[in-house]
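Here the chain labels run A, B, C and D in written order, and each chain numbers its own residues starting at 1.
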Amino acid sequence: MIKTTQWIAVCLVLGLSVGTAFSQGLSPPSNVTAVDTPNDDGSSITITWDAAAEESGISGYQILRRIAGGELEAIGELLPAEKTTYADSAIEKGTTYAYIVRAVSETEATVDSEQTAPVKGTGEWFHTGKIPLFITMLLFSAAIVWNIYSARSGKELFVRRIPGLEAVDEAIGRATEMGRSILYSTGLGGVSGVATIASMTILGQVARRTADYETSLRVPCRDPIVLNVVREMVKTAYLEEGRPDAYNEDDIFFLTESQFAYAAGVEGMMLREKPAAIFLQGTFYAESLILAETGNSVGAIQIAGTDSEHQLPFFIAACDYTLIGEELYAASAYLSREPMLLGSLRGQDWGKILIFAAVVLGVVLELSGISWITTLLQRVS
Amino acid sequence: MPNIDRRIVFILVALAVIIPMLLSINLPVSVSEPTQNFYDYVEALPAGSTIMIAFDYGPSSLAELNPMAKALLKQCFDRDIRVIAITLVVDAPTLASALIQQVAAEKGAVDGEDYVFLGFRPGAVQVILGMGTDIASVYDTDYNGTAISEIPMMQNITNYDQIDLLVDFASSDTVESWIIYANVQYNQQIAAGVTGVIIAQMFPYLQTGQLVGLLSGILGAAEYENLVGAPAKGMQWINVESFVHLLIVVLVIIGNITYFIYRTREE
Amino acid sequence: MDWNLIGIWVAAFLTLSIYSVLYRDNPFYRFAEHLFVGVSVGYGIVLSIYQGLVPFALKPLWETVTTGAPEGFIKLIPICIGLLFFARLSPRHTWLIRYPIAILIGFGSGIAIPNVLRANIFEQTRGTIAPFAEIAAGTLSGWGIFEAILMVVGVICTLTYFFFSVEHRGPVKWLSKVGIAFLMIGFGSAFGNTVMGRVALLIQRVDFLLGDWLNIIS
Amino acid sequence: MKRQVPLVLCFVFGIAMIFTQFSPHSFSQGIYEEVISWALIIGPFALVLATVTLIQTHTARIRRRTEHWQYSFVVFAGLIVMVLIGMFFKPQNPMFVWLYNNVQLPMDATMFSLLAFFIASAAYRAFRARTFEASLLLITALIVMMGNVPIGNLLSNDTASEARQWILDNPNLSARRGIILGVSLGVISQSIRIILGIERSYLGGGD
C-alpha cells in the first residue's frame, strides 16, 4: 500500500519536474555510467557523470535506481553540485541495477539523465591497487629465501667489519695484562630473545680468548635457562681451545630475577672485583644506566650492544664501544656463520638497495615533474 | 678524577624538585607545531563527532600522560565531542576509568551519552583489527558490564568509519601498532600523546601524515593545557622540570670539564 | 575509618620504601619490590580473566551450551586450542602449547608482512620523496629545499651505516660516517626527551608526598 | 605431530592472512574476520598462563632457599589478596580499586622515577664526550633538554625550543626513518622465515 503511494508520488513529482525543467532549460546530466566498484567485496556500484557547466543552474543531484523490471527508487541524500561520482553501497549482491542521475535546480526543478546499462556488484579476488605492494613482497621474500639457500649451500657471504667486535681483543688483552677479571652480562632477556641469542654467540667468542689467556670470565645471569645455556657454551669453548681445566663453573651464576636487584647485584660485583673489561650485550631496560655508570666509574673498558632502542643513548654516552641494534645481529651472524642469519642479513641489504633506488629515482623524477614513484607508493584502501 | 659519592647528587636532585615546587614558579610556555596541529584537528571537528581514546599506559607513566589526557577530555566535553575510551594495556583500566569519571564529573558529561569506557581486551593487534570490522565483536559490553547495544551513544557506531579521530596515549610501541593496523588498513586518522622515551621516534610518522598531531610528554601536556585554557599539573610540573634539567646540564658540563682536565694531565 | 586517608599513608610508606634504595639496598625496599610484583601480577590475572577469558571464551561457551546454536560450536575450536596453553603444566604434554603459539605467530606474521611493508616502508619512502614534488612545483622556499635535501641525505646515510654486505671503504665509508652522525643526533634527542620523562615521574611522586600526604602545597 | 603440525598451522594461518590482505572478495573477508576472532579467543589464555611461570619461579626460590627467599612469600601474599578480592568481587569493586590505587600504583610510579636520580649521577660521572660521536650525542641531548623546559627558553630567548624542534623535525627524523626502514625489513624478513618454516625458534627445544 505504502509502496503504491510512494510510486504515485514519485510519478507525480517526476511529471511535474520534467515540465518545469524544460521551461528553465535545465540540461540532464550527461555521460552517466554505472560500473561495479573495482577492488571491493562486491557490495557497491559506482555511478559517475560529467560535471555540469558553470551557471547551469544545477544545485545538486539525486541518484535513482531500478532493479530490472522494478520501480525507480531514490538512493541516499541529495548530493552537492560539485559531485560527479557516487558509490551506492546499499545493494544486494547478485542483483542487477540500473541508475538515473537526476539534476535538481535551486528552484527544485529537476531533469533526469538517461538510464544506465544494468550492472551487478561483484567481489574481486585480487585488489589491483595493491599490485606494487604484492610485487615488492614477492621480490623481497625471494631475496631472503634465495640468500638463505645460497648461504646453506656453502657460499661465503661477506659481513663488514664491526668496530665494537674488533675492540673485543683489545679489552681481553688489557684485562690479562692487568690481571683482572672480565664481566659479561647477557642482559635481562629470555633465552628465545634474538638479542640474547646474539649475546651468547659473542660470549662464546669471548670465552675462546679468555681460555687462551687464562683470564677469569664472570657471567651473572638473570634467567635460569639462560644460565644453563651459557654454561654449556662457555664450557664447549674452553674444551675446543684445549683448556677444560681453566673452566670454572662457579664463575657463571644465577644472580636474581628482579630487575633492579639484578642491577644492584652486578653493581656490587663491579665495585668489589673492579673488572678491567665489561661486556653488556643483550636486552636491557632502565637498569642499563646504572650498569654503564658504575662500570665507567671503576675505569673498565666497556663494550655494550643492544637492540633495546631506548637504552642505546645511555650506552653510547657511557661506554667505549656500542653495537647499535642491527649491528648486534650482524656481529652474531658474523661470528656464528649461521646460514639463516647470514642469508637474511644479505637479503635485507638487498631490500635496502631497493629503497635507495626508489628514493634516488623518485627524487629525480619528482624534480622533473613525473610522480609515478609516489603514485606507486601511495596508500590504497 | 674526583669520585664524589653519588648520594650527594641524589640529594641535589631532590632539592631541585622540592624547592621550586614549594615556591610554585610560573614561567610562560610556548606551543610547538605538533601540539598545535593536534589541538586544531580536534577544534575543527563539529559538535557530535566521536573520538576514540586509547589509554595505553600503566601507572608507571601516569605522571607524563594523565595531565594531557585530562586536558583533551576537557576539550572534548566542552565541545560536545563524544568519547569512546579503551585500553590495550592490562594495568590501565582502573586508572583510565577513574580519570574519565573525574573529568566527566567536573564537566557534567553523562556516561553512555557523552562518553563510554569499554575497558581492556587482550591481544593489541587483534583488538585493533577486530574493531575495524565491528567494535561489538571485541567489546560486547562496556567496562561496567552494560551491553554495547544498550548504550545510547554506541547506537550509530559500528567501526572506525564512524570515528573521526583516534588518540593513542602511549608509553610503549602501541602507537606503531595503531599506525600499521588502524591507519593503513582502515584509513583511521590518528594522533598520539607519548612519554618522553618515545617522542623522538614519532617524527617520521608526523611528516608523512600518518600521525596528525603529537603531544610530547609533560611538555606536550603543559602546551595543551595552555591551548585548552585550563592550566593544571602539566603547567606546574614543567616549571619544576626546568630546574632539574638545569641541574643535569650543569652536572654533564662539570663532569666533562674535570674529565678533560684529568685526561690532559695524565697525558 | 577513613579509607582514603589510610590509603594515602600506605602509598606514602611504599613510595618512601622504594626511595630508600637510593641510600642502599635494604629490607624495606626488598619488601616493597616483591609486594609490587605480587600485586601487579594479581591485578593482571584478574583483569585478563574478567576482560579477556570471560568475554572471549567463557561467555560464548556458556551461550553455546545453553542455546545449542550451531554457529556457536565453531567458536569451540579456538577455545579448545587456547586451552592447550595449559599443557605447559604437564611436562609430558608441554609440546602441545606449540599449537596455539603456532597459530598466533602465523597470524601475526601474515598480517604484519603487507601492513608493515605499507606503513613503514612504502609510506616512509614516499614521505622522503614527497617534498621534492613541492620543489618541482616551486612552493618550497630556500630553507625548505635545504631541509628536503638534508632528509634524503640523512635517510640514505643512516641506511648505509646498517648495510653489512660491503666493506665500509671509500665513498661508502663517508656515507656511513655521515649516517652515524645523524644517528647520534637522533639518539641525543631521545636522550634529552627521556630525561624529561624520568624527571616528570619524580616530580609527580614529590607532588604526591608534599601535596596529598603532607599537605604542604596545594 | 610435535613439530610438523605446528609448522603447517603457522604456514596456513600466515598465508591465509596475507591472502586476505590482497583479496577484497567477500569470501576472503569472511576468512579474515574469522581468523581475527580466533586470535582474539586464543590470546587471553597465553596471558593467564604467563603468570604460572612467575609462580613456579618463586616456589622454586622458596624450595631452594636462595638468598632472600623469604620475600617470595611477600610476592604470594600480594598476588593471593589481589586475586581473591578481584575474582570474588570483580575489578570494579572498591576494595580492589583501593588496593590498585594505594599499593600498586604508587610503587609502579615510584619505581621508574628512581631513574631521574640515576640519570643525574650518570650525568656527572659517566656521560663523557670521549669520541666525536658521543660529543654529538651529548650536545644534542643538552639542547633538547633545555628546549623542553620554559627556563631554557627564558635564558635563550626561545632559541632553545626552536633548536629542539628543528633537530627533532630534521636530523632526528632522518635517523629515525633510517632505523624504521632497517628494522621493518628485519621484521618482514623474520615473518617470512617464520611462515615458510625456516625460522623455528618459537617451537622451543625438544623434538
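Basically, a residue touches a chain if its C-beta (ideal position, glycine included) is under 8 Å from a C-beta of that chain, and two chains touch if they have at least 3 such contacts.
What you see is a predicted model; the values in this text were computed from it and never measured.
Where the centre of all protein Cα atoms falls, which chain's Cα centre is nearest to that point?
Per-chain C-alpha centroids compared to the overall one single out C.
Looking at C-alpha means, what's the farthest chain from subunit A?
With centres defined by C-alpha atoms, farthest from subunit A sits B.
If you tally contacting C-beta pairs, which pair wins, B-C or A-B?
Between A-B and B-C, contacts are more numerous in B-C.
Could you please state the distance in Å, as a whole number, between where the Cα atoms of subunit B are centred and where those of subunit C are centred?
Computed value for the inter-centroid distance: 14 Å.
On a C-alpha centroid basis, what's the spacing between subunit A and subunit B, in Å?
23
How many angstrom lie between the centres of subunit B and subunit D, each centre taken as the mean Cα position?
Centres of subunit B and subunit D (C-alpha means) sit 17 Å apart.
Find every residue in subunit D that makes contact with two or more other chains and list them.
Only 18, 21-22, 37, 39-40, 43-44, 47, 68, 91, 96, 100-101, 104-106, 108-109, 111-117, 119, 121, 125-128, 130, 133-134, 137-138, 141-142, 145, 148-149, 168-169, 172-173, 176-177, 179-182, 185, 188, 190, 192, 202, 204 qualify.
By the touch rule stated above, which residues of subunit C touch at least two different other chains?
If we look for residues of subunit C contacting two or more partner chains, we find 21-22, 30, 33-34, 37, 40, 43-44, 47-48, 51-52, 56, 107-108, 111-118, 120-121, 123-128, 130, 155, 159, 162, 183-184, 186-191, 193-196, 198-199, 201-202, 204-205.
Can you list every residue of subunit B that touches 2 or more other chains, as numbers and ranges?
3, 10, 13-14, 60-63, 90-91, 93-94, 121-123, 125-126, 129, 184, 197, 199-201, 204, 207, 216-217, 219, 241, 244-245, 248
If each chain is a dot and touching chains are joined, what shape do you get: line, ring, star, complete or other?
complete
Hey, which residues of subunit B end up touching subunit A in the complex?
Touch list, subunit B to subunit A: 3, 184, 186-187, 197-198, 201.
Taking the complex as given, what residues does subunit C use to touch subunit A?
Subunit C residues touching subunit A: 21, 25, 30, 33-34, 37, 113-114, 117-118, 121-123, 125-126, 128-130, 132-133, 135-136, 152, 155-156, 159, 162-168, 183-184, 187-188, 190-191, 194.
Of all residues in subunit B, which touch subunit C in the complex?
Subunit B reaches subunit C through residues 7, 10, 13-14, 17-18, 21-22, 24, 60-64, 90-91, 93-94, 119-123, 125-126, 129, 139-141, 179-181, 183-185, 195-197, 199-201, 204, 207-208, 210, 216-219, 233, 236-237, 240-241, 244-245, 248.
What residues on subunit D touch subunit B, complex-wise?
Residue list for subunit D touching subunit B: 33, 36-37, 39-40, 43-44, 47, 91-92, 96-97, 100-101, 104-106, 108-109, 111-113, 116-117, 119-121, 123-130, 138, 142, 145-146, 148-154, 158, 161, 165, 168-169, 172-173, 176-177, 179-180.
Which part of subunit C faces subunit B closely enough to touch in the complex?
Contact set of subunit C toward subunit B: 22-23, 40, 43-44, 47-48, 51-52, 55-56, 59, 107-108, 111-112, 115-116, 118-120, 123-124, 126-127, 130, 186, 189-190, 193-207, 210, 216-217.
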